[in-house]
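Two complexes follow with chain A in common, the first pairing it with chain B and the second with chain C.
Take a look at the complex of A and B:
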């Protein structure tokens, strides 16, 4: 996640979301989802791609599979 | 698609039962609810308590009453309360999720209102990302896909102008369309880089502005899809008082096409225009925008730059690769 948004790993915490990470725009978002899919070997269904807009929501997606 | 989540209070929003224990707020859980509220999920309360007790407790919580759109706090059964909530919100009961810690309540609702989804507090975020639309103005899912395809597609071109020409861009420009007030306000709040003044406007301010000045909105679509409203220009009297473009569409020369159109409209009723650039921490890249458009720099006003244009002298700047609709 840190890599996708070009921020330091320490800057990512439970409260991280697109609201407080400046570089979290739509393009970086899709890049991050693609990276997560590769990293965790998962497929995020199309209708949920846009919803994973915070660290916690992403974790819930990864853990939910 | 679900629209609202209705929460029980005791042992859901906090640990403990009001009136019996000292309750301890579930801070993380309340934070999650607030996050969802801020991203378009309607939040409601439905709980068996005394209403006054809940009001008092909420005052000291993170999740205050400000985030709550609807509530039914009484001793009646939750099934009829949920029906009332749906009516009040003007949505179907099938768009409602009930979040409760009590197996008994959940079974009761499932039996009588099977279309209402019932979840336990632990399942909040998973449910939210599966059944709600949290994207809001951020762009819809298909817009991510489109953006991704644009990037892929652009890789096969070596020169940028033939790539842009092949995108087949269509600009749709409206003036003072009340349906766009919300989006215009959002853009003023969120646009940093390509924002000539950095002024933030609320919904009410934009609505007011549409009454006495001209608020132009720009939507762009191309061969991959529709980017939605991504540009705003405000003209008051003989001055451009605001101009911004979402970063989603930057780098395509759209700002020039947008301005060409606007000047073409304004020249019908005006002779000249003033414009102001206000530097902010983030809008450095727009510093010479009015120079590029051929506006004449007149003077500094503190750090601001004031420009002037005699409209008859304006020469269209956009490449001939846009269509207007």
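Take a look at the complex of A and C:
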């Protein structure tokens, strides 16, 4: 996430979301989805690509797959 | 080839580049935003003006605008049915990380224009081998890698690799659905 959103890793925590990471726009969101898919060898279904807008939701997605 | 001189989107509008845009383009290309673009030797505002004057009817260069503000540039070029190039995308660095999808919508508008208005079924382009972000983005938009050219271009004194990428009309409209899902979330 830190790399995708170009922020320090210390800035990522349980409460991180698109509401408090300024650079979390649609473009960086796509970068993050691509990074997730590559890192965890998963495919995020189209209907859920827009839902992963916080650290907790991302973790939930990864753990649920 | 006759192009529309403006294309209108939700967040941005595209207008044909003219001579008065040369200083802005020069500023963008010589900033951090232009790090993946080649700067010809002796590149100046005057040479940028000359470049604008020398464009032929096989291409259209657009300024990306948010209302009256110039945000960046994107081009449709080397148009020869059944293929067109889309590229030369650059954004003013002050509009990077703004939260508004300027670059993404500029790509979507031009891709749709080529496929739907110009009725050209394939878009091709190259991406620098080290420009992984744009490579990932374009793949997510539906582009496929058709080649990889080692040490193929001299960029600012260094030999660089290039990805050769293509996007087919049917893939674009298939992938556009999930892009719209993401755009909707960020409106």
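The rule is short, and it goes like this: the second predicted complex is superposed on the first by the 65 of 65 C-alpha atoms of A that agree within 3 Å, B and C clash if a C-alpha of one lies under 4 Å from a C-alpha of the other, contacts with A are read in each partner's own complex, and residues count from 1 in each chain.
One rule holds for everything that comes next: contacts are C-beta pairs under 8 Å (C-beta built on N, C-alpha and C of every residue); 3 or more make two chains touch, one makes a residue touch a chain.
If you're wondering where the values come from, they're calculated on a predicted model, not measured in any experiment.
Q: Could you look at A:21 and tell me whether it touches chain B, chain C, both or neither (first, second, both, neither)?
A: Neither partner.
Q: With the two complexes superposed on chain A, say which partner A:57 touches: chain B (first), chain C (second), both, or neither.
A: first
Q: Give one of first, second, both or neither to describe whether A:30 is in contact with chain B, with chain C, with both, or with none.
A: both
Q: Can A:1 be said to touch chain B (first), chain C (second), both, or neither?
A: neither
Q: Between chain B (first) and chain C (second), which, if any, makes contact with A:47: first, second, both or neither?
A: It touches chain B and chain C both.
Q: Using the superposition on chain A as set up above, list the residues of chain A that contact both chain B and chain C.
A: On chain A, the residues that contact chain B in one structure and chain C in the other are 18, 25-27, 29-30, 33-34, 46-47, 49-51, 53.
Q: Going by the contact rule set out above, which residues of chain A touch chain C in the complex?
A: The touching residues are 6, 18, 22-31, 33-35, 46-47, 49-51, 53.
Q: Report the residues of chain A in contact with chain B in the complex, numbered from low to high.
A: 14-15, 17-19, 25-27, 29-30, 33-34, 46-54, 56-57, 60-61, 64
Q: Residues of chain B touching chain A in their complex?
A: Its residues touching chain A are 28, 31-32, 35, 38-39, 125-126, 128-130, 132-135, 138-141, 143-145, 147-148, 151, 247-248.
Q: Which residues of chain C touch chain A in the complex?
A: 97-101, 103-104, 133, 136-137, 139-140, 177-179, 181-186
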